[in-house]
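Per-chain residue numbering starts at 1, and chain names A, B and C are given in the order in which the chains are listed.
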Amino acid sequence: MKRIPSQIAILTDFGLNDNYNGVMEAVIRKINPEAKITYITGNSKPFNLIAGAYLLYTSYKYFPRNTIFLVVIDPGVGTSRRPLIVKTKNYVFIGPDNGVLYPAITSEEIIKIVEIKNEKLYLAKTISNTFHGRDIFSIAAALISIGVELDTFGNQVRYEDLTKLDFTYKSSRNEICGKVLYVDHFGNVATSIPKEVLLNNFKYGENVEIKVNNSRHKCRFVKTFGYGMENELLIYFNGYFLVEIGINKGSAKDKLNVREGDEICLEGYIQEDFSHSI
Amino acid sequence: MKRIPSQIAILTDFGLNDNYNGVMEAVIRKINPEAKITYITGNSKPFNLIAGAYLLYTSYKYFPRNTIFLVVIDPGVGTSRRPLIVKTKNYVFIGPDNGVLYPAITSEEIIKIVEIKNEKLYLAKTISNTFHGRDIFSIAAALISIGVELDTFGNQVRYEDLTKLDFTYKSSRNEICGKVLYVDHFGNVATSIPKEVLLNNFKYGENVEIKVNNSRHKCRFVKTFGYGMENELLIYFNGYFLVEIGINKGSAKDKLNVREGDEICLEGYIQEDFSHSI
Amino acid sequence: MKRIPSQIAILTDFGLNDNYNGVMEAVIRKINPEAKITYITGNSKPFNLIAGAYLLYTSYKYFPRNTIFLVVIDPGVGTSRRPLIVKTKNYVFIGPDNGVLYPAITSEEIIKIVEIKNEKLYLAKTISNTFHGRDIFSIAAALISIGVELDTFGNQVRYEDLTKLDFTYKSSRNEICGKVLYVDHFGNVATSIPKEVLLNNFKYGENVEIKVNNSRHKCRFVKTFGYGMENELLIYFNGYFLVEIGINKGSAKDKLNVREGDEICLEGYIQEDFSHSI
């Protein structure tokens, strides 16, 4: 007998004060009471697709094989954006076609992508225009978890036709520039620049000059923020192996005044020109 | 053999920073390690009975049959308000007799209501005066989940004697007035006015004038806030089929300066006089 | 067959916005998909060892026997502080050797303490310097939950060599002084002074003078904050049987201007001199 995958990982920007996440769970439990539900977070930054995409991209590989990711960061809910199910070799991703799934699925071997269109698989005959997390997405996750086939939900969509959201970085002349992908609740600022860039160009203890929003800052390259002095800007690679700026027991975000999507550059003796996607 | 219901849905205003919710779960797991625990939210607005009642009322129907709702929004903890267990045809509701359960149970077919009085079913011989969520309510939920009968907990209470909290709206002359029931974390303002009032009196795209706290605002009637312009007040029915005011990627709460319990009126060509409870 | 303990209780200061808690759960579920995971809280005050230690100390006894406590409040992550596993008669505690486990384990009968040093039991060959919650601690909890023996992780550590963090109070002359251990999200201020001190020295309804940060305040001794008037400072013992200062539907923290670690004294007719640890 086929073992039914029953791990469901939820990522939403619904916040933890309201009942939106709870109701999504309720819908899942009604169909599959035994599902193991984990939150990547139920409190991703509202409407922030880059932040949501980062949280999914950096998390999903740690989950067991066959985990179903239920992602509802959906500022376009009720408009024409498509609800998707993406089956990859190892996982299933469910969410709106607005880029939030893109960096994660781009890293995986994609088997099939379908648009959720079959209204018989919606929660009710008349669904809301504002809460597709309940009415379309969570019921889809629950149905997938008990073995309903992807093709039942709707027609296939080509990967090339998906809404793109790329995590890129590029080198030119004397700098490497990437994007701020995420500011965490400590105020640490994660970028799209991978750790090798730091390791190949700088030594631990050296100062690295960064440029962001037209201002320049010196950061000391350290192994971890535990080594930082009070209020000192530190540069290191974070737990997801991306270059991050932080302050020990402080907020680099406040000092740099940045947010997701801002360009951030490391100055230094970098040779080759290139452009990459992480 | 009777299938033991084991879904427990928790709603509290304890917040997510402290250990109050965790300790309630601990108490449940000690008695019924296999219980499936879901949070409606563990972070309902502190001491706010209207908000808590709204979150329960709008959520409970999505949960599986036999779910036990453990509701601890209890500003009167340690005073004389009664701890209740309400068995309805489909669910069990546990919480203080302060109105927070009222709108939900009023929508259900009530089988029996008992006051929790049997001290032998408390967590300890000496219980705290401040944490009945742990000492009385969560242990009751756990015991119910393993099959302990309601009558064991205490005497029956009549529905008529419960503390009331009604979600009403009424029409008079040229307006329909209801209450602000809930402001969600996006700043969307949900009211006690059901969607039919909007649908029967206005057309999509029309402006609806609302009156709240002595000021008037024009809102455009749309299918979903995804269609709104920057900073534009929108009126629509929300995921729970109640009239709501919102701003696309913004906060209607800040613009209207409202909170739970405030009166809110829709102006327009409404014929008949009536008074209803949702 | 030995019953595998599978309750894991998580306490972190990672917050609920980021994916750090979710990734820790993912790591656990990959190894032990059936583990029951409960959060004491995933949002303890950042870097605050006293607050974290208080939350663990006041919670752990409510959990079922054999629960594994996974505690990641770890401002020194990536520096030389030791990762520990502490097996007591009833529980297992996993976390950094920075005092956060100390008050809890000191209350238990300790069987064995080991330092996690065996890199084969880390999550990967190259681990991060910033996220030992994922790379060292949560995988250790998962492995313990499926029966891996403590000695596999590393050498024994003596209790006497642990980093200490004591919750003490002492009497001298005319006052009893303790520490502020925790300010909860309502603004209630919990101290290290046990309830007996109040009960033995004061009567319900009496005023108790407290001294904190060079200012003095009168508090009325009540059974529960439900009895308080608006803005009135109340003193009572909290749900964990410790002396607490609160205001009914208000914040004592704001009025007293205190935080964890501050000294707080109760003035009154106390006879004997003593010094105790709770």
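FYI, a contact is a pair of C-beta atoms (placed from the backbone, for glycine too) under 8 Å apart; a residue touches a chain by one contact, two chains touch by 3 or more.
Everything numeric here is computed off the predicted structure, so don't read it as measured data.
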item: Chain contact topology (line, ring, star, complete or other); value: complete
item: Interface sides of chain A and chain B: same vs different residues, half threshold; value: different
item: Cα superposition of chain B on its sequence copy chain C - rotation in ° rounded to nearest 5; value: 120
item: Approximate Å spacing (C-alpha centroids) for the pair chain A, chain B; value: 32
item: Multi-partner residues of chain B (each touching 2 or more other chains); value: 16
item: Touch list for chain B against partner chain A, complex; value: 7, 9, 11, 16, 36, 38-45, 55, 58-59, 62-64, 67, 182, 184-186, 223-227, 236-241, 244, 248-249
item: Touching residues (chain side chain C, partner chain A) in the complex; value: 14-23, 25-27, 29-30, 33, 37, 46-47, 75-79, 128-131, 134-135
